[in-house]
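The structure under discussion appears below in the form of structure tokens.
Chain lettering (A, B, C and D) follows the sequence in which the chains are written, and residue indices restart at 1 in each chain.
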């Protein structure tokens, strides 16, 4: 679950990290009033969407109070912002963060992440913060300083302090940075984050401010933080993805016309690669995972069939913990309930395969069972294209 | 021989009285695995179709000499069973559970490493050695056959896909192992390649990776440096995956790259690994590789 | 800081550990009413004092409702209870805990302590709980089971469970005991205890109850638990000890007539041993510790001089972190302020000794400086006895 | 030679800009200790009468090659500086601070032991080696003199008392070390006796114990088992201390006894240690012991 910039800043500010003065607005007039209330010459309007690359996409505007702030806010609010990360459909902008613009003497990068390789929470910092940080990481890796935190001992004060003194020589600034590092780390572990990042953390005169912040919570640990559900912005999430998650499914929306049910993220990606190799294009992926029950499979099918772009359904399952008979019962149930006319291509293997095959064969539904995965992928692509199939 | 498990492994199942724990314990036993016990607090004295149940892993180890454990415990409570297995002296821990909070896994993994044990997973199908008739996991046993190919994979169902092809091409497997699909898992490609290198029965390896992280790049680095010298084929899932919903820079900074399929494929090819584009061609490619190396 | 039995039980009960029904009473009539309200045939009255050995000292009474509960309560309340641990002055009883008497099927011992040797929080349990547990520990140590908890990982559920299953074979009981173990451990670490003990933990039918509990908090960590000061029962502590602690001093009251100022607990004990070897008897000990300032030393002297039993004062200091000149100034200040006529024997050594000696010598106060510790101890004993000294 | 510290020790003081840190750093330097630096966050670049101050222990170690640290940090914050010293590679850590919450000490001690370092204290006067002119602590230096007697003690001021006597009896000291008066401390009698046994310059040892705990009993056991074979005298403080305000049984159970002076004296005498009843006679007794062993 991702937090908005303003939510991330709220978490930081509540723990004593300085952020620019500002407020969240949902309406152009409110935006103008909020900008005036800041009593500074220049303000920034920032679209609150769950995506990076907002600046280049026109979601961030630095304006003087002389300019038409209300007009600019109307331009952004209520629209969908299309960035290089959102896909062509973009993300709706329902909130604008209006903030004072601070003098920036130096930009620092701070990030906390769980390092897959070491299995340790790792704090990264660089005196060369800002938009080009990934480039810096590649070309000047010596400018990225890291701390791998001992999982049992946690971050110690002196580790934060030592890191801060690598970013500045100024004692007062180092003390503030050290506090920001500790706070960001504590937020990361206490909310089970998958990412906690401040970029840039700016030095402005003798103070340090979090100018932008991104905090994402790990979905697998949300059960420990039920209160954070209140901060979920459903408008930023695909409705089908949401209803899939409710059933313990994983749903990914794409741009094509083949609806896919698979089990496992790896098989999903391989199926996508294979359909593409055959010249087709999936409309979506529904990963029913390992422990799905008959009902969950049926629900998955129903979600998939809701998508009107789907011209053919591809079921590609290699059952391990998910048993083929359970899958077959769920699919048959959904097809019967939804009275679907769409062509369904099924390729299943794995645990309880015979029983699964028998159920499909006896179901008397318009289902084609194909043994070879490569053939199955080819056929579903051809079917979706409305061509006669060779099989 | 095989890696990590064999016909002498003494295997228990933590969570044996649950639905999945019971189903798969019996499936492992039916495959040939030496299932010596199970653990469910409060059910000591019961038995699951002949497999005795104990209150604690320590009791199970004391009574049965168990050295390997298969864990089926709900994600919210799966951290402690891993630690319990370590404390009781279990050497190889296979954690099937999916969706454990990553910080829990990280914390347990720290102890696993300190104590020098092997953790496979979490979120893994497990490990199987067909020549040893030992399966510790949830993979469908019948698709496997004994032979010279080692399989190591980040993806569960893709492993089945590949193993099925290998078997249909007459290529049996020495050991097949799923690393697990969670952000933090125990064993890595490099850890497994080290063991395959030492295992005389393994003549070639299939490596199945996917986008994200840098485990494949590390494997490539390891192979390039001469740590693994047998023939290897690889498939990387997600070549055409849509641009991720990635936010922030931290992931890219820490892995020194963005973890794209392209980067991984380039690294593996540079290390001399044959990378296959179409998942359904892995069997053929491996057959050719083995034929070449036999010449 | 020690907690009363009823306070310890409150901490446990708030975390779901079962304790006998009961209430705390401060008055005989209240005691009778409370006993009747329990609606059971037999009740127990337990004097709430900071001392073990209450039972043998008459501080615990098991009574039927037919008996004169009000009378018994009058006998105990408001009196001082003298046990084998309180010294002859005893401890005042201002509260009685009135509880139902449960059927006891089995008595278990549970204790949590920080093991000095290993530096680990250690949980001890025995199926042979009750009053003879120390004897059991000596004669049948195999009946004491222990867990040394890893300081970084903390107590795990399976450790508690495994210990519980060593105490009982019954699953329901084991689950309850496991919860009690975990709770007692959590109280120990979250309140920085020096001791957390349930003895006995009883099995009564299919339930487990904490029949008696002792929880002591470590004084050095009380700063982390300021709310616990509300639970301090000042009546159980010596008033002079209390006022000494306020000044960062350590005061111990004894039965003799020599007032002693020392630095360090070891030197205090050695001084006591030495005075005793010479046939004397200290009235008290004031340990001014290491970091005492001139004012703290002066306050220490004033506290000591408040004790009317003191016939001679012995100052035995070997200065390390405490400097002799600081000590001398403090002593001189107090003697001048209090216009004391008591004989003062001083034996000082250590850091800044020359300056200390000079200050005493120039003070023109009735102070005798003795170089040898053995001589000084002998002389102060003789002085207190009113004999002429040989020195 | 001496144990733990010597003329080559490179010593820093954590908390050097505080009142006590400064006073005693300078006293150590005046005694002859090689004080190479101090640490106070935010004061890097300053100096305390010529001793350079650093922001972190790591900086101090990198710049000065320090291997020994003297800690003067208020009790509520003293845990982290110990860990900081360990992480920075300091070998011998002397923690003067009194009254650290025992669970904090226990937690830091765990890491100290895992990393194989020496922690002296907390609540110790420190360590001094007169022949090496090295003092890392708060003891008055002038009472010491170089010689063959090792002194190890649980009590600060009692150590001074004994050292003063030894010196007045013409018996110099090889190394004197206070274990610290807190419930949980780093080094134990046994740890120190092991080092004294190996130190050729130490010919005999004075052991100063007190009531409570079981450290003296463990020392007796160690001596009895042949781990320490040089002449030893002991004094146990608290023979006549009033019955403690002890509550509960846990302390007695865990130590297997009640930690009385009587029990300790019995154990030490059984191990062949000469136990002295009057603290003012320790010097004479040690003189006689050395004379005997010289014969």
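FYI, a contact is a pair of C-beta atoms (placed from the backbone, for glycine too) under 8 Å apart; a residue touches a chain by one contact, two chains touch by 3 or more.
Quick caveat: nothing in here was measured; it's all calculated off a predicted structure.
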- Query: Taking each chain's centre as the mean of its CA atoms, how far is chain B from chain C in angstrom?
  - Reply: 56
- Starting from the mean Cα coordinates of chain B and chain D, work out the distance between those two points in Å. 51
- Which chain B residues touch at least two other chains? none
- Message: Can you list every residue of chain A that touches 2 or more other chains, as numbers and ranges?
- Response: 152-153
- Task: Draw the chains as points, connect those that touch, then say whether the picture is a line, ring, star, complete or other.
- Result: other
- Message: If I apply the definition of touch given earlier, which pairs of chains qualify?
- Response: A-B, A-C, A-D, B-C, C-D
- Show which residues of chain C lie in contact with chain A when the two form their complex. 152-153
- Query: Of all residues in chain A, which touch chain D in the complex?
  - Reply: 153, 156-159, 161-162, 165, 171, 174-175
- Message: Which stretch or stretches of chain D touch chain C in the complex?
- Response: 20, 24, 27, 75-76, 96, 98-107, 109-110, 113, 125, 138-140, 143, 153-158, 160-161, 164, 181, 183-185, 188, 208, 210-211, 213-215, 218, 235, 237-258, 277-280
- Show which residues of chain D lie in contact with chain A when the two form their complex. 41-44, 55-59, 80-81, 83-84, 87, 111
- Message: So in the complex, the part of chain A that touches chain B is made up of which residues?
- Response: 2, 50-52, 84-85, 87, 109, 111-117, 119-122, 124, 133-134, 137-138, 141, 144, 146, 150-152, 189, 192, 194-195, 197, 199, 214, 216, 218, 220-221, 223-224, 252, 254, 262-267, 269-270, 272-274, 276-277, 289-291, 317-321, 349-351, 353, 372-374
